[in-house]
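Shared chain: chain A. Partners: chain B in the first complex, chain C in the second.
Right, the complex of A and B next:
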């Protein structure tokens, strides 16, 4: 069986300025981390997978395939069907990524109904179930709340519920915890971890936080200036060889004894 | 704000009720908005109840009593054909208010559609729609409406169409500006990432957020629309005689201004009061709806 996601020689240019210089990797239904400093091109890789690049960016790839579907050659309708239904995306900050004038429940229902023809009642059931799946203790209440009425951690869990409702095969999480405080971040990670394991999804985790990634993912790809400079198992990150990875490791804040 | 001390709503419906109540309280606290609302509601009630209130048929001529001064028989006097001015005012408010209502309903929607499409799709769509809007904006509204009615021929529906055509560009501008600031927002990206089509993004996620500014704009615009409608009537391009219309009534009374002042003064006062009412209401609504003012 082929890999869930295959990328070969992915290049992205802004005009004549190339920012991704031939990225190649493949992933199964596993937890894969993309790590790198800001501007390294991590998010751009994620966005290329959904073909939602910022205006002015042009991409080309020898092969870019999701579950055997050629993404580079798919038409717009095909891509819309992939987005959300097969590939979910959790954005960074729930304060901005939820529509301020729709209730959380309505947004989850919409995300689901985009891809499935079901009645309002059934969508509501489904939304409540996904809120429960992200460990929201009172789904009925949260369902009717507006995004400004919930905390950051709650909002991010709602966002995850929204992206999980259509039951995607691959979840891309772009710095899902960097807008949250420490304890909510851990909680959100635990939920992500649990859901990915239970549903057998692939998780592409984009982060700049090495400690987090080392404890959470199976494999790590370190990106520097548009190139993959290190591939290793997360557990072996401490033995990484590449100077950039060593610098990243050395840059972690440490409480000195 | 002391709102956080109040009991939290338990459901979306309750939250909506609370918000409405809060809005109503805020509106009630604004004296000029209340006055404006009262005037507009009163005019609407008078227009609706015109057949009950008017003691005469507005088109009934009584040449023996032409140009009678205000008195017990004809409270506001009669015009040059002996028609009761009060009855004509009451029926005339129907014309004016229906023009205002039609414009208030349709023009913001047209502007919303054009502005959102221009802002969202950009490029050639933006260029075509906005340059068209610029052409309409280049003429003063009354002059443009005049030219359009003159081309189409007089009549109430033509006047409405002309005013609508002259009025939509500012709405499109506002909607486009809102759309530009909204389309880059994360929640729009999130909806797109969830697989939403451009049409859905526009209708569900962008257009609803543009509405408040357009409602504010529309409510402030109504006074101007009433004046434009009356202006067209005055120039004989609005309602065709013998239909009672305020602008046309002033035009007819103009000839007797010095000796029978009430013929022109009554519709003039009516227009002024209506414009004032809509203006006060519009400003009250703006204070209420525009979050930037808070």
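Right, the complex of A and C next:
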């Protein structure tokens, strides 16, 4: 059986300027963190998997496969089917990824109906259930609200509810908690954690914060300037050797001395 | 330098800041921590004169804030926002952004002052000719700080100044803000939800919830978890690293 995701020698360039220099890793249904500073190229890896690269970027890989499906060679129709239904994507700021003129409930229902032939009534039921699954205590009320009427934490949970609606096998979360304050961030992490465990989903967690991923993920890949410079179990991050990893670990101020 | 008594700020008919009092002396640093919606940013904006004050008194260097012309006020305090993309004009070069306060205040030696302000934030003179999109996030935030320094203010109001930066740029910004305080005696009023950042930058901390200060403590108390108010204890708990076992318990 093949891995959930296999990447060999992934390169991305803008014109003649190469920004990802041969990235290789494989992941199962686990929590894998990609960590690095801004500009390291970690988000480009997530975008390559979805084939949603910014304009001007060209990608090339010896192998880029999701559940045995060749992503590098897939046509546009195949990619549209994979995106959303089998691979979900959660971004940093729900303000920019939710549609401002649609209620939250209507957006989640749309996500269902795009991928499954179900009635309006059934879509509504499932939307309410998925709002409940992201621990929104009053799903009926939130279902009818517009994105600007909810807090950042609530918006991010709604975003996750929408991404989980089609029951994907892999969720790519790109800095999903960076725009949230402490307690909302923890809530979102706890929800992701629980969903990965219960649904047996793979989670690719992209972050600049090593402290955060250390307590949350199973394995960590550290990216510096388009290269993987360290691979280790999250629990063993304290013993990491690469100077860049050490710098990232030392940079974050800690409350406890 | 700042004397606030029972300050009230209303937005859209709702009381967002509900009776806040504090003092800040020259060269001192005060941190205000709270969750989103606690009113901390509104309080900071009111201090900068960006929101009207509905009640209480606010004195800046002894004079009521309302009596100061915006130009006088801007020579005493300057505001640095979370996202420098929002505060720098995308089609103005760094030099033009920095020269604006000089022109408004009819000061001389514009280019000399620009180079000096850039140097103060660790950027070379070549940065004058760049546009915001040609800078990294950390460099953009440095330019925002350089601009705030142009009029040699005595107080910086900082609203989540590192929230848009990665951990490496965050560490550099913390070092820069510390050195500005040390070398220029600049007072800081810092607003953030990040307890570790606040404890790294200031000595005195006020915890804000629902428009009020619910607890005041110093950075050492915060670090050692010596807090009394349940909301402060919640914030401390939420700032600890996420651990799966702890979360499911």
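Assume the second predicted complex is superposed on the first by the 254 of 257 C-alpha atoms of A that agree within 3 Å, B and C clash if a C-alpha of one lies under 4 Å from a C-alpha of the other, contacts with A are read in each partner's own complex, and residues count from 1 in each chain.
Convention: a residue touches a chain if its C-beta (ideal position, glycine included) is under 8 Å from a C-beta of that chain, and two chains touch if they have at least 3 such contacts.
Note that the structure is predicted; figures quoted are calculated from it, not measured.
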Exercise for review: Mind working out whether A:252 is in touch with chain B, chain C, both or neither, as first, second, both or neither?
Suggested key: second
Review point. Can A:98 be said to touch chain B (first), chain C (second), both, or neither?
Key: first
Exercise for review: Quick one: classify A:22 as touching chain B (first), chain C (second), both or neither.
Suggested key: neither
Review point. After superposition on the shared chain, which partner residues are touched by A:182: those of chain B (first), chain C (second), both, or neither?
Key: second
Check your understanding: Which partner does A:216 reach: the first (chain B), the second (chain C), both, or neither?
Key -> second
Review point. With the two structures laid over each other on chain A, which partner does A:193 touch: chain B (first), chain C (second), both, or neither?
Key: second
Point to revise | Residue numbers on chain A that touch chain B, as the complex places them | key: 50, 52, 80-85, 88-89, 91-93, 96-103, 110-111, 114-115, 141, 144-146, 159, 162-163, 166
Study note, to complete from the structure: Per the touch rule, the chain B residues reaching chain A in their complex are 10-12, 15, 185-187, 189-197, 200, 204-205, 208-209
Point to revise | Residue ranges of chain C in contact with chain A within the complex | key: 35-37, 136-137, 163, 165-171, 174, 193-197, 199-200, 222-223, 234-236, 238-244, 247-248
Study note, to complete from the structure: Listed in rising order, chain A residues that touch chain C in their complex are 37-39, 151-153, 178, 180-186, 189-190, 193-194, 208-212, 214-216, 247-248, 250-257
